[in-house]
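There are two complexes below, and they share chain A, which is joined by chain B in the first and by chain C in the second.
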Partner chain A sequence: MKARGRWLGSLVLTAFALFSVCPIAWLFLSSLKSRQDLFSLPPKFWFTPDLTGYAAVLGLGVSENAAGSVGLADALFNSVIVASGGTFMAVLLGTLAGYAASRFRFFGRNDFMFFALSTRMIPPVAVLVFYHVMFARIGLTDTLLGLGLVTTFINLGLATWIMKGFFDGVPQEIESIALINGYSRMYAFVRLVLPMVKGGIAATAGFCFIFSWNEFAFSSILSNTHSKTLPVRVSSAMGSSGIEWGQIFAGGAVLVIPVAIFFYLIRRHLLMGMTFGVLGSKGR
Partner chain B sequence: MKKTIFYRLSDKTYCGVFILPALAVLVLMVAYPFISLLYYSTLNFSILRPMQETQHIGLQNYTELLTSPDLWDRFIFTGKFVVMTVGIQMLVGTAIAYFLQRDFRGRDILFTIFMLPMMLCPIVVGFLWRYIFNSEWGMANYLLKLIGGEKMDWLGRSENAIWAVVIADAWMWTPFVILLATAAFRSIPNDINEAADIDGASPALRFFQITLPLSAPILLIALLLRLIDAFKQNDLFFAMTGGGPGSETATVSFMLGKLAFGHFYTGEASALAVILLLIITGLSMIFVRYLLGISQKG
Partner chain C sequence: MNRQRMMRKPGSATLIAIAAAGLMSAASAQQTTLTFVWHAGTCADKFYEIAKDYPDKNVSMVPSLVPYGPEWHNKIASEFAIKGDGFDIAMWDSQDAAEFAGGGHAYSMNKVFESSKVLKPELFDAASLARYGEYPDGSGKFWGMPANQDAFGMIYRKDLFNDPKEQAAFKKKYGRDLKVPQTYQDAKQVAEFFTRPSEGMYGWGQMGGREYDFATSASNGFLWSYGGELYNPKTYEVKGYLNSPASVEGVQAYVDMFKFAPAGSASWGWDEVNAAFQQGKLAMATNWFYFFGSMADPKTNKFADQTGFANAPGAIGSDGKFRRQVSVGGQGMGINIYSKKIPTVVKFMEWYLQPAQQKRYAEVCQTGLKSVIDSPDWQKSNRYNKLFAKAITLTNDYWHLPEYSILLDQLQEEISNASSGKKTVKQALDAAAEKNERTLIKAGYKIVRTANIPAVPDQIVTPSGMAKVEELAPAD
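Here is the complex of A and B:
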């Protein structure tokens, strides 16, 4: 009976792995195809690689259809600054707020947690116009600072929730003992508690980075020229002259690489962190 | 030991200092658009035509929206999409996590492979699936023909298009459910599972009587987050169907985008945004009450 269960398991896992990988493999293959090969029937699995898509995305060969006017180096720079800055701020503020929500009983604590989560529910299109107006008023239009602020905002709710879960898993006694022994709460927080949730911070940062790096709806409206991020630049390949499939696929391939590396680095922490503290920690 | 300022602060102060920065960012970014939304929703105003005289028209935007049958069709379509895609994600995600419990060689690699779709840029994922589902030269129809099926018009007919988007959305976001479910399953203390084994519980019994109830709180959080995201899913529809054919595959959120940035009916779009936010927040509130209730017991 056990053997049969194992067979079924392997079969399901293999099938799902194929389902997960094949479209991505197809993305990479298609990103190397020339225009004729992209639309060939039956689809070609063997062809001469054609790098025009990459060249256009990387801004090497300047063709008429090259995606956007901002060079790749600029868009890459913008994306790195906005995604890492936004991630850093969201994790920092989320860690502080998550700690407070986990440790202190304050008025409206549950309401605060719901409010934090509810910011995730806002459809970007609902508020975009007014962010545009607000940014115009305070001079943040088309700036990296403005985009960073939005990035911080869209990740902060989830970061607070995940971090609160991690802090819930750390026994309160740690601070109690530290306080009794004459240490400050700040010391207990920075030196004792934070090292225990290192993995949680990594997992939170991982999630925030994925969302920030790939964020499209806000940046497509709020960054017109100077602060254009990579996803926005890649999507400009669907211009008036039709969809430049090669460029879109090449852009997608370029975009996924940093995320995959980042994910690989934090893979061990990711699992521990995703219980949001609602199950309690193991062995307690 | 040097006494710094940190020793003189009370817990209350710490609490305030820790919460305030996050609260400030959240309130700033929510308050301005919300007050604006409420204000503009009562105006006959278009951001493209600011010179045109704007009038206060009270709740006319709301009544017009709520009485138009089109909006209700959009809500029904959105609901259908959300139920289909989230249902599939939860079922498949939990099943995969179940099979991932066993230790075997290459499990970590497999796990990383499963996570890959989530890392791609959503807008690119939309175009990728649009390419795959193309009725002429798409991979989907090629494979369908290979196994002896008929060519299908995937994106041109709304009854097929909803499935195409559901497949794309489930492809991208089932990993998230796998991740959370795996984390939940792993945090169940081993002694409980061992005790069940000693008592001779069958795997099915063990799963439904022990694993599932114990990981329910996490699975509910996964469900909530997926429901929220599916409800506001926009990138995939934008890239795959553009709401078409006609506006048959437009979700409420897509319709909102069209009102705000296609027609630039700022007033009407604001009213729709208010309606949409009330619905999402209300539903989530009920959900979270239930959720927080569970987590406080445990």
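Here is the complex of A and C:
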């Protein structure tokens, strides 16, 4: 009976894993197909690989002189800077804000948390024009700093919410003991509490990085030439036959890889953080 | 003495450093970067490639490319909204000229024509210049020049049309010869003949997507060819024109063609039409001339050798007259009025719009320069250029009004409602006419009602009806 249950569980998990991995696998497969192979019916699984998509995305070969290949490497660099910087700032500020919301009782605390979460509810299109006007007035359009600030603003509410949940799971007695023994709040926070929410920070950083890395709406309007990020750059792939799907798939593959590497590096912390976060939130 | 020498040395070094810095800053100050905004594609690539050969090496061109579609319009519009100089040259969709010019964001081309010894209106066909840069219509005020002209054409499988068995079967069924249709009435029969779902073959392919201008780019050709009109540009009436019997008949013909197209094609854009044809699913399809180069290329179209090119059909309207009108496409090239480098931009354009550069451009795209478009050399350089030179004379366009994008979205929605079967064509066009007029009234236009609008409003707006069908030979 137990073996049967385990077998069934394995089957379900395998099916779910395949279901989750299939789109990624299709993305990588399609990135290696020519336009003819991409549209063939039935779909081809055996074909002669075509690397023109990757060549275009990386600005190599024939496509070097094409307007469409200009700035691709820069776009990749911009994406790394904007996503990393935005993630760092969102996690830093979100951690501090989440701790404050978890530990201190202040007027409007619940409203503050709802406000923080509501920033995730607004569709970017609704505030795009205001951001554009505002950034133009202060000279932040087409700058990495501007986009970094935008990604920070986008993720700060979410980071605050997630981190508050993790801090709620850390017993307050730990800090009380430190405070009683004469240590400062900051000492207790940095030396005692933070190590206990390492996993939560990793999980928060992971989510923030994904959202920052994939951010399109603000980047497409607020950047022109200097700060264009890779999602915007890749989306512009069009040639004489229409949309250059090979380039788009190759660009998608290039976009997925850094995120996959990042999540691989933090996987242990992620697992710990996710499960601890679940237990922690149940305690409050 | 040594101390004095030592004190002199830093002084000398400092002077040299200052001089070097001065030279460097002078050199960098002379470097000018011009930015152009366009949707990504072959024409932007070619423009950029040509711009690299600009003789003034202190001026370099930088592309700011956006995806084709609403993001392209939004990118330009949002930069204009903040009066920004994020780009110096804007290649806008032909229909956007009125919005951007009307908003005061484009530098006057009349000023350029007056001051430049090189750039003159006569370089371009009058109709082309009007299409891509004049606002208001007929005012003689220009805000852009044709950067890339485009129009709707037709592609077909000449192996199917030239097959003796197919010809015999068609003749047996319809009592006439199988040939590339000159009217939508003919096209319907030919499409029906070639629609064989069990063989994976369909007779017709056309755009129908709700997004951007996909559906209306295709349906407008039917509407105009049947003698319909989108509105009356003199009186701003829409009711009686957009929902006239001729317009309804035209759009109905467009909707009926989906019966001979693959399932789901009512949501197609140009990319899906291209893909379906390249897979051998379609006997005929209408699309932009922009894509004909790839249709003739075996690397992208495995049926390239069997692909024939033709002008899009016309129609015989209820008044018995033949009309052939197709949607105009392409882009105009305007100067951002907020750019701080306008004189440099003008100098660049004076060089770029020379025949030498435009001949290079015309190797892959359709220039607006009259001398190149009209030249026999260019028209003979491939199988479809001559057809394009004819097609550009058959073009009609959307409303040349700043409210164009709102009017377009309303018409797109209703055409989409008609092709999906949510509404009848009459209901859809009635609704579109109502919405369009409300938009115009809200924008401050005074609608002057005309008594006795004819069932075929083309008769009073832009009369183009002919007594008999004009036969335009395809290019095999």
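Methods note: the second predicted complex is superposed on the first by the 248 of 284 C-alpha atoms of A that agree within 3 Å, B and C clash if a C-alpha of one lies under 4 Å from a C-alpha of the other, contacts with A are read in each partner's own complex, and residues count from 1 in each chain.
One rule holds in what follows: contacts are C-beta pairs under 8 Å (C-beta built on N, C-alpha and C of every residue); 3 or more make two chains touch, one makes a residue touch a chain.
Predicted model, so just to flag it, every value in this text is computed and none were measured.
Of the two partner chains placed by the overlay, chain B and chain C both lie in contact with A:Ser40.
Shared-chain residue A:Leu29: touches no atom of chain B or chain C.
Put chain B and chain C next to each other and count what each touches on chain A; the higher total goes to B.
Of the two partner chains, chain B and chain C are each touched by A:Val129.
Looking at the shared chain after the overlay, A:Asn224 reaches chain C, while chain B stays out of its contact range.
Once the two complexes are overlaid on the shared chain, A:Ser235 sits against chain B and chain C alike.
After overlaying the two complexes on the shared chain, residue contacts for A:Val80 are found with neither chain B nor chain C.
By the touch criterion stated above, A:Thr141 is placed in contact with chain C alone, chain B being left untouched. By the document's definition of touching, neither partner reaches A:Leu194: not chain B, not chain C.
By the touch criterion defined above, A:Ile174 lies against neither chain B nor chain C after alignment on the C-alpha atoms of chain A.
Of the residues of chain A, those at positions 39-41, 128-129, 133, 221, 235, 238, 243 touch chain B in one of the two structures and chain C in the other. Interface residues of chain A, counted against chain B in their complex, comprise 5-6, 8-9, 12-13, 16-17, 19-21, 23-24, 26-27, 30, 38-43, 93-94, 96-97, 99-101, 103-104, 106, 110, 112-131, 133-134, 149-150, 152-153, 156-158, 160, 182, 184-187, 210, 213-214, 216-217, 221, 231, 234-235, 238, 243, 245, 248-249, 251-252, 255-256, 259-260, 263-264, 267, 270-283. Interface of chain B with chain A (complex): residues 1, 4, 6-7, 9, 11-12, 14-15, 17-19, 21-23, 25-26, 29-30, 32-34, 36-37, 47, 92, 95-96, 99-100, 102, 108, 110-125, 127-129, 131-132, 136-137, 139, 142, 171, 175, 179-180, 182-184, 186-189, 203, 214-215, 217-218, 221, 225, 228, 231-232, 234-235, 253, 256-257, 260-261, 266, 269, 273, 276-277, 280-281, 284-285, 288, 292, 294-295, 298. Across the complex, chain C is touched by residues 34-36, 39-41, 65-68, 70-71, 128-129, 132-133, 136, 141-142, 220-221, 224-225, 228, 235-243 of chain A. In the complex of the two chains, the chain C residues touching chain A come out as 35, 37-42, 44-45, 47-49, 52, 62-68, 71, 74-75, 78-79, 81-82, 84, 86-87, 270-271, 274-275, 278-279, 290-291, 293-295, 297, 299-302, 364.
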